[in-house]
Structures are given as structure tokens and as C-alpha cells.
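Quick notes on the structure that follows.
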Amino acid sequence: MNEDIYGIFLLIVVGPLLLAIPALHSRVPWPRHLAIIPALLLIVFPGDASLAMPWFLFGTGFAVDGEVRWILVMSVAVWLTAATVAKSSRRNPAYDRATPFFLLTLAGNLGAVLATDLVGFFSFSTLMGYGFYGLVVHAGDAEARRAGRLYLIFLIVADLALFEALLLAALTTGGNLQYVVVRQAMAGTSSSQLYLWMALAGFALKAGIWPVHLWLSTTFKSAPLSTTLLLGGVPVAMGLLGAVRWLPFGEIAFYVLGMVIMVMGVAAILYAVLMFFMHAPLTMFPVWGTVAVTGLSVMALGTGLAHPAVWRQYEYLTYPFIASLGMFLAALTFAIGRLQDKRQAPEVDLQRVEVLSPWGEGGMGVIERWAEDRLLILRSLWRDLRLKAVEQYQRIFDWGKPAVFIWGWSATITMFVFLGLVFAWLAG
Amino acid sequence: MNWDAWIPLLVIASSLLPGLIIFFLAEDRKRLRTTLNLAGALVKLALVCWMLWGVYHEHHYETRLTLLPDLELVLRAGPLSLLFLTLSTILWLVTTVYAIGYLEDSPHRSRFFGFFSLCVTATVGVALSGNLITFLLFYELLTLSTYPLVVHRGTEVARRAGQSYLVHTIFGGALLLLGTVWLYTLTGTLEFTPRGFLNDLGEEHRPALVIIFALLIAGLGVKAALVPLHGWLPQAMVAPAPVSALLHAVAVVKAGAFGIVRVIYDVFGVDFAAGLGVTEPLAWLAATTIIYGSLRALFQDDLKRRLAFSTISQVSYITLGVAIAGPIATIGGVVHLVHQGLMKITLFFCAGNLAETLGIHKVSEMSGVGRRMPWTMTAFTIGAFGMIGAPPVAGFISKWYLGLGALEAGQEWVIFVLAGSSLLNAAYFLPILHRAWFQEPQDAWPEEHHFGNKETAWALLLPPLVTALMALGMGMLASAPFSPLGWAQFISQREFYRP
Amino acid sequence: MEALTLLHWTFDILLGLGLLWLGWRVLTSPDLFNAIVLFVAFGLLMALAWVRLDAPDIALAEAAIGAGLTGALLLAAFAKLRTVEKNHDIAGQLEKGKLENRSFQWWPATFLLVVAAGLGHTVLSLPHYATGLSAEVSANLKSSGVSNPVTAVLLNFRGYDTLLEMVVLLLALLGVWSISGSALPREAAPGPILDTLSRLLTPVLILVAAYLLWVGAHAPGGAFQAGAVLGAAGVLLLLSGWRLSSHLAGLPLRIILVAGPVAFVAMAVFTMLTGGQFLEYPRAEAGTLILFLETAATLSIGTTLAALFLGERPKNKREYP
Amino acid sequence: MGALLSEISWGVVLILLPLAGGIACFLFPRAAKVLGLVSVFAVLLSVSGLGWNIKVNGIYRHAIGGWNAPLGIDLYADGLSLLMLAATALVGFGISVYSADYFEREDAARFWPIWLLLLAALNALFLSADVFNLYVTLELMGLAAVALAALAGGRDALGGAMRYLLASLLGSLAYLFGVALLYHGFGSMDIAMLAVRVEASPAVWAALGLMSVGLLLKTALFPLHFWLPPAHASAPAPVSALLSALVVKGSFYILLRLWLEIFGPLGGGVDTLFGLLGTGAILWGSLQALRQTRLKLLVAYSTVAQIGYFFISFPLAASAGVTAWSAAAYLVLSHALAKAAMFLATGNVLRFGGHDRIADLDRVVQRLPLTACAFALAGVSIMGLPPSGGFVGKWLLLQAALTQDRWDLVSVIILGGVLAAGYVFKVIGHAFTLADISHESREVPAKMEWAALLLAFGAILLGFLASPVLSLVGIGVPFGVSEVSP
Amino acid sequence: MSAAFLFALVGVGLFSLGLYALIVHAHLLRKILAINVMGSGVFLVLVALAKRTGESQPDAVPHALVITGIVVAVSATALALTLMLKLTAETGRAELPEDQGK
């Protein structure tokens, strides 16, 4: 059984990576779809399978079982959609440049889903993170770069926190970082609280959980649909997945942290609702949706931490929940994105047509440009109509460009203070 | 006839002889020179592989020549020696290929390659040294053979850089000499011994030993670019790219770092050193260097200078690893010797490619270069991610063991240093990557050369790709039996912490 | 006896003071020419002192070499110096030379006074009676081949020193020739008096030299003194304008110049080949061999001294076109 | 073969051979070059013969004229003498090869006889066991050296030579005064006998003072070095090499010998004074060398500095005799080779470019790579970097200083090395500059470049030969019994 | 106090006098004279002290040494004078070039 599935496992991860290279020169047709096929096969393939890879990093492995298949299904669906969406805007030359990143991100995602231990998960999710960065900024405008920068900072800080957690886990278990082993080992050690804090902080940052969600809102403003679609679903799902897999839920009761997390979840939902009403543009809707929904999940996590019994009761729901959550968010983003696209499509395409089609679709172009102008007027009118007061409120929460900067650094600094406090506590 | 005793000497000779011959070749004997260079490198590689196999199976390779009445010149291939030796040998081969491409048609090639081979000879000698005086000998030879390489361009800036290099290294060499002699007068031996040879020394010598340690570390710290002895390194950037690559990745800085490893583990013995209380200050010094180098790197626009400050920072990981004085951290430090070498040499190769192909010297000129030279920049990206410590590039492995080792040794503060350094590394590398991959190129490159439909010459492109792949492979395959990590663990078990 | 001792004492003290005074005058006399003349006088006084010290061999050597030849060298140099300085058109150079440094310098003087006092004390602290090596010398005198102990020491006991001494002379000549270059020997017309004088004196001097050489074996005299006299003859000839004919100025001259050292080297090789030590003469022939050596040495010394006086190397057209 | 080797009295051969060679050169000036080269090579062989002899039979002693010591003169050679003789022969041979192309026709006729007589003088000096005989050899050496120094002619050379001559004569006279005192005090001139008879007395102290001053003056130890730079800097290159590498060592050897045998055991603070002067020499010489703008002067001042190292051994010898003296001996040897190479290299530069201004060396050095290499290698030894003879010497010196906790001397030794690096690289740095060619160049014969290079290489090679060399030097125990090693 | 010591003291005096003149005077001819006077002083010490044998025959060895010394002195003087003349021809002054060293 394992022998049969061996190659496919490898392909799943290595396939997209290998495809990334020819994709640099766009030599392969349909590279994005091609890359997803192995994963698709894996879903269809019946039965559980696992593969140990002792030679990789500190020794890791891949495995498919019922739980993983849920997530896999969600991922494949989301990625397929994204690939298709992206395919439709083929004329965009940024497409070719984005493809490698798309593939890298895909590889990271799939690898993280399949990994059977912490290091594997960490490595692949890091790959995914940097891939996302590429996807976010590949459009290349200033807004995108700003978003990318923010995203990067969060990503790096998150990785640091997770790295820390990893070290603690490795120290406790003596190098074996299988999920099961770690969960059990961490339940009974003094450093488990530090580990929890670190891992939670890391995943919070990665998933864009309030109050460290900021990269999400900025990114959504500027990224193309194929990216936002992914951003909407994948990171949140992966963040939650990571948290569920890394943390000894159900085995440890950590009331304080649980409560803190629950409060954060509530606050996130409140915040999202508030913002949704004040921050009217349609594009941003998925953002607030995401924030709100993740708030919900965070509440769930907090509850699990505070009351392990509750967690154990509903544990069987975890993976379907994560998968459906991801799916839902992606769908939400996609839907709104399509609407958005419909309105913005002429703007983009017209310019491209003008540049790219020398054989004269002149008439059509003129008409479309006229329509575009009208649309622009409409949009500015609409913007002017917004209440001044709303803008004032908005500033309280989101100050725009300076805020991005401040948020980024404050999050980092908090992180360090946090680390220090916990160490002091540990040492004392 | 015991051939095992000759192999270390042959390893030395395999670069020394070609070097000496090359000095006397006419400038236009390109083919012969190339053949000599590559043949030497390949022979050396073969010998090293042979010894790797042998040492793993407990063979002993040792050459002894009398140097002073009671002191011998000892060349010995132990596991630690072989780690550094293998690194030097492989990178010499790669760098030679690169240099052949890089120096196409530039003047004084014979001189360059001659000193280049001498430099490698010295590095190999440093690696194989079996006692402190042999180490000192090759260490100084390294100083002498790199100086001409630093000033190779012959400009005023180069001359000043060379002067700065000399002032630092001569000064350092003097301190090292002093420490060595002093140690010798106390112990009467200088032989590198697993777990040190000072254990039997009386209590009354402790203050002297502390000073000796400081002297040795100061002497080695110059080459290892420990703050505040790092001043020469950024200046030495005026040298041609292969030199910078060799200087920063293999030869010079590594010789310093390797020396520090030797001093702590084979001269003092790590437990003894920790007992003296000297490792902790060293760890702090290394930490300071790590942060300082990264901070300085943030503000450099000149690409090579940025890389140089990055080197300052990264090399101190090695020092930090051994100064933490625990078995796991040691593995991290020692394996970083190799990892940093591969990653940094990749980066320098790429920087050289940019300069040679497009005339790019500054970060601010790199906009959109990823599209013009995708392969080069891919290699660069891998190297940069390795530096940041992102998995699965080799740098991750080093950081992992360093962090784990620090926790194990109860030195939690090191985690902050690592985290801070990673952040800073990201802060100065990621903008480069961003600019290269995502920004629109400018209208024209500063000075563009065309190489047919390739992005650059093969000899320039292959080396960074090879080293980048190796850096990647060493990270991904860290658990494979003959990976540097595996070997570092082997070293730690066999030499440093054998019960 | 008392009176004689007193007389001797008085004489010795006066002689010593005279030496000191002359030495002082030589070094401080304002006029360089006067200084040189005084130096010759000083040398003669030194010779007197040697006699008082029972060192007639040295007295002879001093008179001939120290006073005579050195004086001649100094005077010749002085004359040339005047020409050179005139050529350089620096009027009053010599006058300046006269006047230079007349002021007394206290620091060196004080310092040297201390040194002199210290050395004086040292000398006085030496034992009042010491035989040195005189016992050994007289014990071995018989087997040395000569009966004059000084000659025995010079040519036999410490013959090696003498060998090197010959080399010193040769070397000085080589140095002088090397520095001052070569010139074609040019005959100058001598004044009538000098001409006559030299014609009369030269044979006499050669005879004296031969006598000194011969007598050196058992009485004061010997190769150096004889050589010096021979040299004086050469100087006289040179002063009177005589020059070596140019075909003799090459190899033949050089052979004569090195005859001394060559004789020594030959002797050394000979003695060693016959199974002895370096310069170990067979006892029986020692006297003869020493005489042979001395003859060669005398020739060389005389010629060398004369050549030193001449300064430039006599040019030989065939060898140095 | 062995019998033949030990049959011949090589010491005598060593003296007579160059002597005869010199005379032959003088007699047949046209063949001077060939005769000279043959003689020097024969001397080299004879030194090997003597070395073999000493190695087999121990100390070499030869009573000249069959009279034994107090009355006659003895030749004496132990390891130390052998070392000096070997250094002389080796360096002398290198310089001779160089000179064969350096001097032409008339100059050759002037150079060769004097040089061979100088060689004879040096050999005689190193073999002598009699203080007065040493005086004669000293004079012989001094006059020959002066004659050579003046060889170039011209204002600088003549001035330098004149100053040198005066200093040399003064030194000899002071030495002779010391000889007089020793003889009249103790009735012998044989060093070994004096060593037995001498006891502390005013005569000995005065003799020590006079002889030391005289010999220091000739050795050019700071502050009595004033004559050296002008003389060494203005002489023709091979002559400068001879003067710096060998002649200075002659008087040092006498001082060392007298100290070891006669004065050293008496104690007193003179060794401290020597140490101080040595320190002064190292610092002053190095700093002056750093300041020079002309290459030859730089090298000459480097000699002043290096001489200082020899004298550092004196204060250290009290309790680490063998190490300190071995260090001195090794430094003398390696300095001889290295400094000769340096001066020869300088000569090449001077011939090629017509000047030796350091700032304008640029292409001169670049187009004479072998010469540059020779200079650099010699520099390595001068700096005391490994692997080189200089390094071994400094290592031993440091070892001796450290076992006695003489931190003052340790710091001076280290500092001297750093300063030396400063001035050596001041020159080498110019090998790589890109300045335009600003002069007419003249061909430099390959032999001249190789001679310099091989000498320099010898200095490096010495770094690997410490053990055999030091064991040879130890024959006859010139440095006393070894102290307990650490 | 005997004649031996008297003349030895005179020798010391001459040595010191000569040294003083050597240091103080700039003119080369004067320096050469000074060296000669010094030499005479040393010779005097050597020979005078040889008279301490207590017999009529003094120690012969120093005598031989002094004869050797006298020849050395004259050789050196000749060389020095030649050098002086050449130097003067170059510089116009019979003094050491003051711009070097010292």
C-alpha cells in the first residue's frame, strides 16, 4: 500500500516545486492545474497511507487519513478555483510571474497538510507563507508592496514564535516531533505554558486573527482575486489546523490562557461587526467576514483550552469544521471578488487590450473606455457620499498608512516583551 | 611504507604545487592554468573523500615533521578537520570554476590564481593542523596569501583595504603568537587533544589561562570578524568577487572561527573553559557581533558591503555555538561552519554575477533583476532564505541546533539573539529579494554584457547554482548519514563529548 | 744608582708630559699643516718612549712607519686636499679648518675625563708584577729558529697574526686603489736637489732595509721595519718624480705586492702538506724559512707602503684600456 | 670518504681558500669573476666539510704553528662557529652569484678581491680563539667592508663609508684597549684560558666596558647605529647585503663569544643594559624604517631594528640560557639570509627602475615578480611570521621571556614584529598598485632575481629546519647546559 | 709606581685626548689624526705594562702585537685619507655630510 502511494506523495509536494522552474519561462501549459492533479488523486485514492522520510530535515513524514482528507479536499477545491480564476485573466503578463509563487504556495500548503510532525508542518507552512508574499506583491503596485511588507513582518514574527515553540518541544521530547508525541509530552511539562503561548501567538499571526489581523485588510485591498480567494481561506484554515495539531487540546487545562483567547475571539467578532458597518466598501467584506469567523474559531479554541472536557466532546468535529470554514471563507471571498471583478474588469482589460492588441479592436476599446470613465465618476461620487463621521470612527481603529507601520512594529515588540516575561516566569 | 601518513601532506601539496607552478606561467597560458587548477582541486577532492571514508572507519591520517626541537608540525585528519577540509576543497573547486569565468581577460591572472591556490593551501593547512603551532603557521600563511588577493585590483581603495586588512591581521597574529608561546611555556605541549590538554594544570595558573584565552580569541577573532575586530572585512569588499566569496565563505573568516572551535574544544576543553568562566563572555561577544553586524547590514546600499556585514553577523553563530558550551549548541556551531560557507559563497557568486553581467553593485540598482537573470536570483534567493534561517535551507538546521543547544544549556537569552538576528536578516535580505523579483526594471542596466541567449556565462552561473543546491540539499537531507549535520554529530560524539 | 733612577724618572715624566702636550697640540693646533708636523714630532717622541720601555723593535717601526710614513701620507693628503678644495672654489676652507671648533666643549670633556680617570684607575689596579707570556717565549725561543723574541713571536709563535697583517696591508691598498681609481703613471720632473738626494739615498735605504731584515733574527729589526725603510725609499723615489714604467705596473707589480701573503699561504700549505700544523715550521729549517718569509714580506710591505703613498693605481693600458 | 673529510683541517682551508682566491682575483682581474665564484663555492663545500668533521669529532681545535694556546694562536670551532661559518658561506655564495651579474668588468675587478678577503676575514673571525687575533680579523673585516661600501663612489657612498670607517676604527681601538687590559690582567689572550682565569676586578669591568662599546659600535646597536644606515644604504646592493647580513654579525659574534665565555659568568647588570639598548634598537629602528621614503634606507633601518633582537637575548640568558642563545643564533642566521635577500631585491629594483623611492615603486615591482616575491618572503622572516627562520627565533625568544615573566621584553618582541610588518608591507603594497610606468627600465638578469629569491627562500626554509640546525649549534655546548625544559 | 704605570697612564691620557678630538672636531683630517693619537695611546698601554716582568727583558708578546697594530694603523690611515680626499672632491668639504644620520 505504502509502496504504491509513495510516488504520489512525493509528487504532491515536489510536483508543484518542479513545475515552478519551467513555469518561470511559461514553458508548461496549465501548470497550475497540473500541479493540483496529484493531490486530487490522493483524495480519490481510498484508504489511509503514510510515508516516513527520515532523511528529510530531522526526519519527517507524510500521512493521509480521514482527518487529513477533509482538509485536503478543502485545499484542493480552493486551489483549483484559484487556478481557474487566475487562468481566466490570462492576458495579464503578471500571470506568468505569479505562477511560480502560486506553485510554491500550493506545495507549502499541501506539505503542511500532509506533514506528520511539527518540523514538517513548520517548514511547509513557511514555504507557503513566503509563496503568499509573492502572490500578494506580484501585481507590483505600491499598495501591494505595502501589504506584502506587512504580511512579511507578521510572517517572520510568527515563524519566530513557532520556531521557539518547536525548540521547546524538541527539548522536551528529545527530538521526536510527531504530533502525537509532542501533544502528550507537552501536556505534562513546566515549559508547556510557554510552548502554548508561543504556538498560539504564531498561529494567530499566521492566520490573521484579531488583533494581529492587519495584514489581511491591507492585502485584500490590493491583491488580485485569485490571490484574495486563497488568502481568504487557506491561511485561516492552516492556522487553525496548526493550532489544533500542535497544541495538547483536551489533555491540558489552562484556564487563564483559554479565557484570554476566548475574550480575544469575542473582541474579534465585535470588531469585525463594527468595522463592517463603518467600513463600507464591498471589497473589504470578506476581510471582516474572515475576522469574525476566525473570532468564532478562536473562541472555540479558547474554550477547548479552558475546558478540556468540552473539547474532547466535540473533538471529532474539528477537521470538518476547519475544512468547511476554509471553504466558506474562500467562497465568500470568491463571490464578492467576482462582483468586484465585474466592476473593475474593464478598467484592467481595456488598458491591456490597448497595449497588447495591435490588430485593432479600436471601436470596442473606445466604447469600453467611455463606460469605464462613467464608472469612475460614479465611484468617486459614491465615495464622496460617505459620511465624514464614519471616516472619523474608522481612524480610531485603522489609521491607514502610519498605522500599518506602527502595528507592525508594536506587534513585534509585544512579541518580544511577551517572550521575555514568560522566560522570566519560567526561570523564577 | 605507511601511506596514511602521507595523505595529509599530499592534500597540502595538491594545491601548493599547482599554485607555485602557476606563478611562473605566462598570462596567456590559459588552458594549462585552468587544467592545473582543476586537476589540483579534483585530486584534493579525491584525497579528501578517501580520508572521509577512512576516518569514519577509525583510520588515522597523520603527518609529523619536526619544526622546533620539542615541537612538531602535525597534520592530522580528524573528524573536525575533515569537516572544514571538505568544505574548503569543494568550495575551492567551485570557486576556481567561477574565477576562471570571472577573470576572463583581466590582467595578472597567473598572479591571482597562484595566490588563490596558496590561499587554499593555507586554509587546508589550517583545517589539518594537529597542534596550535601548525595552526599558527598556516593561519599566518593565510594572511599573507590573501593580502595580494585583497589588493588585486590595485586601486587606491584596494590598497587601503589591504592595509586595513593587514593592520588587523598582523595585530591579531601577534596576539595569537603571544598566547601560543605563553601556553607552551606553561604546558610544554600544543597538541590538539580532545577535551583539551590543560586539565592537569594547577590552580595557580588560572588567571594566566584566562589571559591566554583572551589573547588567542582576540587573535582568532580578527579573522572571525568579531566586533570590534571586524573593521577590515567590509573594506576587503573591493576584491574581485571570487576572492570575496572565498574570503567570506571559506578561507579567512572560517579559519578564524575554526580556530575558535579548536581553542575551546581541543586546547582548553569545553568543560575546562566553562569552568574558567571564559565561554560566557565569549558568547556575549558573539551575540553582540551577531546583532551589530545585522544592524549595520541594514543600512548598506552596496550589495557586497551588505553581504560583508551579514558575514560578520553570521560567522559569529559559530562562535556563539561553541561558546554556549553544550553538546547540541556545538553541533549547531560546527555545522554552521559548513552551512554558512555554502550560503554565503552563493550570495557572493550571485553578487559577482550581477556586477560582471549587468554592472550592478548596489541594492538600489537591482530592481527587476530577477527577470533578467532568473537563475542567478534563484540561487541568491535560496542563499538569502538560508541566512534568514527559513526551512528547509541549511541555515535553518544551524539555527535549530543553536537554539536547542542554548535552551539545553540554560542560556535562554541566546534565543532572543537568534530571533533578533533572524528578524534583522529578514529585514536586510527580503527587501533585496522583493526588489529583484517584484519591481519593474529600470530602463538600462549600469553596464550590460551579453552572453548569447544565456543570462550570463556558464562558468559564472553554474557555481552559484551548485552551491545553492547544496545549501538546500544539506538542509533538506540533514538527517542523511553523510550530511554535514551527521558529521557534526559524529564530531561531537567522537571528539568533544566522548564520556 | 739613586741619581740614575731619579734622572730616569725625571726623563720619563718629562717624556710623558711631552707626549701628552704634543698629542694635545696635534689635536687642537689651529693650523692643519702645523698639526701634521706636530704629529710627526709626536711620532718621534713616541719612538723615544718605546726606547725607554725597552722596545727598540717598536721604536724602529714607529720611527719608520708611525712618524715617517704616516707623516708622509698625511702631508701628501694635505697637499691634495688643498688642491681639491681650491678646485671647489671654496676660499678659506682651510682657514675655516684652522678655526673650527676652537671653543672647548665641556660635555665630552667631562665625560672623557671620567673615562680617563676610570681607565687610569683600572690600569693602576693591575698587579705590579706580571710576567705575561715572557716565560713561555723564552722557553720556546730556541726552537723558534730566531733569537730575537719579538721576531719569534711575530713570525713564529703568532705568525698567523702576521699573515693576516699582510692581508690587512694588501686590503688597504685594494681599498685605496678601488676608491681613488687608476691613473696613467706620469713622470714628473723632480727638482734638482730632490733628484740628487733620491739618487743618493735610495741605494742606502735599500741596504739599510736588507740589514734590518737580516738582523731581525737576533736583534731589533725585522720584516716590518725593513719594509718600512724600503717603503720610505719608494716614497722618496716617488717624490722625486720617478714612476714605475707602465709595463711593470700590471701583473709584475701585483706579484710583488702579494709576495708576502703568498709566501705565507705557500708556507702554510707546505707545512700542512708535510704533516705539520698550519704554519708549523720544521724545527731545523725554521730560521731559514722565517728569513724567506721575511724577505717576501719586506718586499711586499715596502712596495705596498709606497703604493699607498702614491694613492692611485698605476694604470696598465693592456689590462684597463 | 669519511676519513678524508676528517683528515683535512677544514678550518685552515676555510681561511686560506678565500685568501688565495682573493689574491688570485687581484692578480688576474680579468678572471676575477670566475675565480671568485669558484672560491666561494669551494668555501661552501669546505664549510660542509668542517660541519661533518665537527659532527663526527666534536669541537674543532687547531694549534697554529704547533704552539699551544697561551703562546700560539688556536683555531676553534664549535656549533656556534659552525653556524656563523655556514651562514657566511651560504649568504656569501648567494651574493656572489648575484654579484657575478651585478658588477661588470672594472667594477668586478675591484669587487671580487676585496670580497674574498672579507670572506677570509669573516671565516678567520669565526674560527679564532684568541682575543688579539680577533682584533686583527676585526680590522681586516672593517677595512674590507669600508672599501666595499665606498665602491659605488659618489657623495653618499663616500660619506657613508667614511663615517663607517671612523666608527669601525674607533670600535677596534676600544676593543684593543680591552684586549690590552685582559692580557695584562690575566696573562693570556686565549679565550678559553681567560675564561678560567678571569675573576671580577676593575680590569675585567673596564675590559668589558671597552670591548662592549667597541663591538656594539661595530654591530651598530642603538644608539651607536648612526653610521649604519648611510653606509648600508648607499653601497651597491650586493655590498649592502654583505654588510648587513654578515659584517655586522662578525662583531656580534665576538661579543657573544666573549660574553658566553668570559663576561657572562661574572654577573652584573650589563645584560640588562644590553636588553634596554636592544629594546631601543627595535623600537627606534622600526619607527625610522617606517618613516623612510627610500627603499634602501628602509631596509638599512630594518637592520638596525633586527640587531636589537640579538641583544634581547642577553637579559634573558640568565635563567633560560640555552633557549635565549639559540634564539639569538637562529635570528642571526635567518636575518643574514633574509636581509641579504632584501638588499639584493632592492638592488634589482634599483637597477630596473633607476630609483628606490618607495612611493614610485609601482610597476617596478610588478614587472619583477621574482624580486617582489623575494622581498616578500624575506619580509616574512623579518616580521617573524611562520613559517620562517625569523619565526623560530622569535618563538624561542618569546618562550625564554615568558618563562621568566619578562613582560616588558615580550611586548617589545611582539611590537617589533608588528612594526616590521608595517614597513615590509609599506613596500609590498606597492607591488599591486596601478600607477603608470614613469621611468626607463633596464633589464635585470635572471640570475640576480633568482639569487635574491633563493636566499629569501632559504630564510623561509629555516623555519622547518630548527631542530637539525639547533642540534648542530649545540655541538660543543656553546650556550652552557640546558635548563630544565618546561 | 714605575715607568710601566707612568707610560700606561700617559697612554690612557692619549686615548682620552684622541677620543675627545674625534668627537669634537668636524674636519676629517683632524679626526684621522685623533684616531692615530688614540691608537698610540693604546699601544703605549700595551707595551708599558709589558715592562712589569721585574727583569730587564720585558714581555715580548705585546711588542709583537704593537708592531702589528702600527701596521694596521698605517693601513687604516691610508684608506681613511684616500676616502677623505675623494669625499672632499665630491662635496667640497673635508667633513662628513651632515644631512645623514647622526
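We just call them A, B, C, D and E in the order they show up, numbering each chain from 1.
Going forward, contacts are C-beta pairs under 8 Å (C-beta built on N, C-alpha and C of every residue); 3 or more make two chains touch, one makes a residue touch a chain.
Every value quoted in this text rests on a predicted model; they were computed, and no experiment measured them.
**Q** Going by the touch criterion stated earlier, list every chain that contacts chain C and also contacts chain D.
**A** The shared contacts of chain C and chain D, listed by label, come to E.
**Q** Report the most central chain, judged by the distance from each chain's C-alpha mean to the global C-alpha mean.
**A** Chain nearest the centroid of all protein C-alpha atoms: B.
**Q** Measuring centre to centre, with centres taken as mean CA positions, what chain is farthest from chain C?
**A** Between chain C and every other chain, the largest centroid distance is to A.
**Q** Could you find the two chains linked by the most C-beta contact pairs?
**A** Looking across every pairing, the one with the most contacts is C-E.
**Q** For chain A and chain C, what's the span in angstrom between their mean Cα positions?
**A** 109
**Q** Please tell me the distance, in whole Å, between the geometric centres of chain D and chain E computed from their C-alpha atoms.
**A** A distance of 27 Å separates the two centres.
**Q** Which whole number of Å gives the spacing of the CA centres of chain A and chain B?
**A** The separation of the two C-alpha centroids amounts to 38 Å.
**Q** Rounded to the nearest whole Å, what is the centre-to-centre distance of chain A and chain E, using the mean of the C-alpha atoms as each centre?
**A** 102
**Q** Please list all residues of chain E that touch 2 or more other chains.
**A** 15, 19, 45, 49-50, 52, 61-62, 65, 68, 72, 75-76, 79, 83-84, 86
**Q** Multi-chain contacts only, two chains or more: what residues does chain D have there?
**A** 132, 136, 139, 143, 146-147, 150, 153, 158, 161, 177, 181, 183-184
**Q** Could you run through all the chain pairs that touch each other?
**A** A-B, B-D, C-D, C-E, D-E
**Q** Within their complex, state which residues of chain D touch chain E.
**A** Contacts found on chain D: 132, 136, 139, 143, 146-147, 150, 153-156, 158-163, 165-166, 169-170, 173, 176-177, 180-181, 183-184, 226-227, 229-230.
**Q** Which part of chain C faces chain D closely enough to touch in the complex?
**A** For this pair, the touching residues of chain C are 118-119, 121-123, 125-127, 130-133, 136-137, 140, 156-161, 164-165, 167-168, 170-172, 174-175, 177-179, 251, 254-255, 257-258, 261-262, 265, 268-269, 272, 276-281, 319-320.
**Q** Could you list, by residue number, the parts of chain E that touch chain D in their complex?
**A** It is residues 15, 19, 22, 28, 31, 35, 38-39, 42, 45-46, 49-50, 52, 61-62, 65, 68-69, 72, 75-76, 79-80, 83-84, 86-87, 90-91, 96-97, 100-102 of chain E that touch chain D.
**Q** For the complex, which residues does chain E have touching chain C?
**A** Residues 2-21, 23-27, 29-30, 32-34, 36-37, 40-41, 43-45, 47-68, 70-79, 81-86, 88-89, 92-94.
**Q** With touch defined as at the start, can you tell me which chain D residues reach chain C in the complex?
**A** Chain D reaches chain C through residues 9, 12, 16, 19-20, 23, 26-27, 29-30, 62-67, 70-73, 75, 106, 110, 113-114, 117, 120-121, 124, 132-133, 136-137, 139-140, 143-144, 146-147, 150-151, 153, 158, 161, 177, 181, 183-185, 187-188, 201-203, 205-206.
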